[in-house]
Amino acid sequence: MIPAMSSINDAREVARRRLPHVIYEFIIGGAEDEQALRANLHAFQRLTLRPRVLVDVSVRDLSVSVFGTRIALPVMIAPTGLARLAGREGDIAGARAAGRNKTIFTLSCMSSHTIEEVAHASSGPLWFQVYLWRHREVVESLVVRAKAAGFQALVVTVDVPINGKRERDLRNGFVVPPRPTLHTAVDILRHPRWVLTLRPPITFKNLAPAASPQQTIAHAKYFNEVLSNPAATWREIDWLRDLWQGPIIVKGILTPEAAEEAVAHGVDGIIVSNHGGRQLDAAPASLDALRDVAEAVHGRVELFLDGGVRRGSDVIKAAALGAKACLIGRPWLYGLASGGEDGVVRILEILREEIDRTFILLGRRSFTDLDRSVVGSSRNGEELAHATPHQR
Amino acid sequence: MIPAMSSINDAREVARRRLPHVIYEFIIGGAEDEQALRANLHAFQRLTLRPRVLVDVSVRDLSVSVFGTRIALPVMIAPTGLARLAGREGDIAGARAAGRNKTIFTLSCMSSHTIEEVAHASSGPLWFQVYLWRHREVVESLVVRAKAAGFQALVVTVDVPINGKRERDLRNGFVVPPRPTLHTAVDILRHPRWVLTLRPPITFKNLAPAASPQQTIAHAKYFNEVLSNPAATWREIDWLRDLWQGPIIVKGILTPEAAEEAVAHGVDGIIVSNHGGRQLDAAPASLDALRDVAEAVHGRVELFLDGGVRRGSDVIKAAALGAKACLIGRPWLYGLASGGEDGVVRILEILREEIDRTFILLGRRSFTDLDRSVVGSSRNGEELAHATPHQR
Amino acid sequence: MIPAMSSINDAREVARRRLPHVIYEFIIGGAEDEQALRANLHAFQRLTLRPRVLVDVSVRDLSVSVFGTRIALPVMIAPTGLARLAGREGDIAGARAAGRNKTIFTLSCMSSHTIEEVAHASSGPLWFQVYLWRHREVVESLVVRAKAAGFQALVVTVDVPINGKRERDLRNGFVVPPRPTLHTAVDILRHPRWVLTLRPPITFKNLAPAASPQQTIAHAKYFNEVLSNPAATWREIDWLRDLWQGPIIVKGILTPEAAEEAVAHGVDGIIVSNHGGRQLDAAPASLDALRDVAEAVHGRVELFLDGGVRRGSDVIKAAALGAKACLIGRPWLYGLASGGEDGVVRILEILREEIDRTFILLGRRSFTDLDRSVVGSSRNGEELAHATPHQR
Amino acid sequence: MIPAMSSINDAREVARRRLPHVIYEFIIGGAEDEQALRANLHAFQRLTLRPRVLVDVSVRDLSVSVFGTRIALPVMIAPTGLARLAGREGDIAGARAAGRNKTIFTLSCMSSHTIEEVAHASSGPLWFQVYLWRHREVVESLVVRAKAAGFQALVVTVDVPINGKRERDLRNGFVVPPRPTLHTAVDILRHPRWVLTLRPPITFKNLAPAASPQQTIAHAKYFNEVLSNPAATWREIDWLRDLWQGPIIVKGILTPEAAEEAVAHGVDGIIVSNHGGRQLDAAPASLDALRDVAEAVHGRVELFLDGGVRRGSDVIKAAALGAKACLIGRPWLYGLASGGEDGVVRILEILREEIDRTFILLGRRSFTDLDRSVVGSSRNGEELAHATPHQR
């Protein structure tokens, strides 16, 4: 049974207690001074919404259509590497939970489950995420397998030409190869239930189906040093465009200029994202960037937002500023840590319930009913001053 | 005897000590992250006032005329459900205190006292508040009784098509049916004096004159699930307009568009309110909304403000921005918890004394003497940084 | 010997330790939520100054001319009632210290020393402060005595038609008549040295030369209730204008409109002041008001600032925005509490040293060398976030 | 071996533990209320950067050319007096570390090592810093020696016509002559390793090659009182211009007007600096001033920034706003305290790694690839609210 959780914050709190500190900090952490991470949250909190009253909202429709696929609510699961660190079933749990909530699960190429396992377990629409690694054949083989397994769209992460500087991980010795501090080791032993998630060993299963921890570390090193590709350009997108007939979505765009290039290269969608504040710490907040990008793109491709979504009202704010749907990263891992598949279902239910309630309070019936006029003036900073200090 | 209290903050502090935590948090709580709640308070604190000096203010008149009724000060008591939770005499105490202070008491339809009991006990003008429930006959019977009992005006709350998400109540198990945590149960037992307020049982007496706690819970469920009406539209206002000849005041308007609709449907007054931050957490501050609404309405109906009034100067600020009077919700419950009827009288006296003193310091003699020119530039956030952290 | 003190903050800290809490809070407190008090400090901290470099500043002149009197630095001592509460010698110490520093001391009419005693003790220029009490004969007798005693100018406080609501004093029972809490009584006994200051009893000596504590309390009641005059108008200024040939300075102006009236009624100077945040809590910061007033007055009368001056750079900022000089209230009482006359001298020396050092760093030689161009853009709030939290 | 340090903050933390409190506070402290110090840091944190994606950044060039000298990264070491207080090898360690990182070391004239010693130890380009002391012959002899020793450029500090008011030092008794408090003395004894750095005694070796502590104190007094020169004007720059054929760089400019004068007097470079917040506390942030100065100078001389650089991204922000390179003061002392020469090398490596990573994340290959368009909108203050509170 999953513990009582009424909000994403509650789930984060449960995750904090259940996970070893090193894992919890790996999940919640951002780059350097975590400015971009905090900016993501504050950008939502600053925005007010303008309610209509005495509108018949007895029937609401939270569904949206994403590349022709109807999903029950505009909240999708973002690709996150090594999800199994947060919970034994990892991406299997996530994909099943998304399916049960009739929304899209995005599988990270750095999963500890294979493409085929996830496709087999899932009952809903699936997207697959890739990096533009140096060795095209590695990427190609993954893409081919994803196509065969029935994944509907390809998410290409473009904001990781190199990993961001995550200082919590550096402090905790959560690096490749690991350098656990004594404190970290003791803390792990105090979470015996979590230790069970390490059986079978957590590996990058799509890249090496069976691996020992040692091999996993070797792989991680390999990806970081050999595959990672600061030389990737839009030509890689052209190449993928030929390889993949379904929708291609570029993840990690923050400026109108980059969005224009994406459109010019024939992508179908853009995920406006600063990678949850884990890459460039000086990056603007995702929501602030969405506003600019939406004006430039003007409906030519579908827009999505990733970063800072913690409330149903956040999803509505993003929609009002032009996002078709939002992706959640940390929140689904909190759910996974709190209660496995049921925990992730709970996260999606919380957001669905919050969106629905906010629709009723706003006098809106559906996402087609929203536009910029629902967004009011911005709050000043002081209202945020007492917000949950550890909120992520 | 009531304890020494010099300000609304003092009264809140007394209430905090006297009430079980679950009840105190039910009163002070807001929706979700409590942004709208904090915004209400900060909107007042940001505004400065511009004093005149060497004006003869030896005689002041704090009274205002509301729909032709002269009240001694422009502070009225807002409708609050289940007021008896804060103090044994509940709305009886509130109505008597308002009468002693020659101002208006608004009775919630969710009172634990009957319309007739309150009318009988009160010596001053009364308003009655209703929701636009699904079953018009329930509403109609209340309205007919209120008319018969001599209530002067009808307040129609339009911002509760569904209850807001109050996470303090969820955490405390203060839900329907109740799920008290062990902590809550122990805490209640530590407040034996408060436990006495549960005799006779707290019920929704206007809807079921005699009820056991079990029946009350059943009723609450019934209201939440059966009566609550997300289908209500302005047609319900038209219907009420035919039913009720006195003033109709719509409570819960936050935008000029909604105010225009209210005027078009023949209401007599508007209470600009975000329901004390208890409904839509993304809502703007009441005072900020008042400014916009007042410009649009331009005197066609009487305007009131509800939300965040904690000082006499707040009443003056609202008046300068166009409100005929303010309603106080939490403050009168603090008074009730602190000293019953005398406690509520004390709250109104504190505000009267603060308004009067501020008038003298501002060089103003009456509310007709106020206009926008008394409002100065806004403060920045930093002055607020050290404000009483628990202020509500 | 006075303790080591490098700044006004240091002196406040010494005062905090030496004074009973009730007295310390009486001095540092403001009205209601102390917004105006904090705003005074922050208005200075927000402003930046633009330094010149490689200017010969080997010789500086910190003196200014106030109504034709040369004073060694543009920092004067503000009138403060009951100064003896902060230190045994009270206004005698203040007047002597001002004289030793060749600046002006302003004697409050609520002093515990007589006009004649202070005039006798002082070696420097003196101003005398009055209220516009109901009974003109009381005011007149004081003014006649002040003239006879050689006081040069008359300061008329116009922002106390009633006392502000000082909640610290209400909480501490520091009211008329006193209602000391047990905590206050014990705390006073723990400051035996301070108790000595109560011999001879602290009275309003100009109004009743010899008085017991009981009589003092009776007097305070009398002033509050009988003399205080919310009916005072600019006609009182006209009357004083006939009575007093020297400069008349109106203290407590915060708007251009009020400043215009003052000029129209023939005053010679204006002290822009919100009474140290002790009267109208919604008042603007003194420095913000100075900017507006200076533009309106445009040199027709001499302007002064009172409120929030804690650094030499504050004096320079006020001068750049149009103030001839600043008055210090709380700071001189901190000095008095820290070391009597020598403590006040130290306060003035600290400010002189800070002004001088800031002149050198700014590349300015004198106050005639300053104008608006030395003021730079404003800081945002965040730089202030870590400022000494208890700063007053 | 130096301890693990991933960021400048980490190094500061190591320095805090290793140094006696009095020394640590001497290094981190600013003037008066430390507003300018905090403003330096916040000015960087407020600025966002706009990333390009899918740009080939496999090859980056972090080098820049400063007066024709190629340096490996645009981070140079600022002149800091008495560096030996932070670590035994002092400027020798700094100069060697800069040389190993192929960047410029600036030697303070207040060094505890001679010009010749530093020149002999260093393998990289060197600048020499002077004050415009009263006795030109003292300055001239230093300049002649620096020229003979092969120093390439002369940095003339113009913002110290007098020392700023550093209240931490006053509180700790770190003044001339020293007045150590008991607390300070005990604290020093608890850092026996640091006490070793006092052998040989720390002196101003360029001014008096061999000195006892007593003589050093006498010298400090001499410099403060006799040499310091509030009479210095731009004529001193003209005089130096004749004396020194290499580049002359004026350090401590904060306004366009001062920059114009510098250009008019033939300087080659300007270091925009508020002296790390140690001089005029009301000064604007270095980065804010850079923006204004760069617009005025418009490429006529080379611009540099000093103050608040703690991240590689800060260097990029300064470059985008017009700085050729940045100087680091406190950070190199943190490195020195943490691990001597290797510690300083580590500081430069950290910044180089951060600049490089940020270049990759921004899609930029070199500093010539940067302009104002990389700078995005400013953050509000709230993102900064949770930044490391002790960050310097």
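As written, the chain order gives the labels A, B, C and D, with residue 1 at the start of each chain.
The rule is short, and it goes like this: a residue touches a chain if its C-beta (ideal position, glycine included) is under 8 Å from a C-beta of that chain, and two chains touch if they have at least 3 such contacts.
A quick note: this is a predicted structure, and the numbers were derived from the prediction, not measured.
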Separation of chain B from chain D, taking each centre as the mean of its C-alpha atoms, in whole Å: 59
Chain A-chain B separation of Cα centroids, rounded to whole Å: 42
Chain C residues counted as touching two or more neighbouring chains: 381, 384-385
Graph class of chain-chain contacts, one of line, ring, star, complete, other: ring
Those chain pairs that satisfy the touch definition: A-B, A-D, B-C, C-D
Chain D to chain A touching residues, read off their complex: 6-7, 45, 47-58, 311, 313, 317, 354, 357-358, 360-363, 376-377, 379-388
Parts of chain B lying in touch with chain A, wherever the complex brings them together: 32-35, 38-39, 42, 46, 132, 158-159, 161-162, 164-165, 167, 170-171, 229-234, 236-237, 250, 252-255, 257-258, 261, 279-284, 288, 381, 384-385, 389
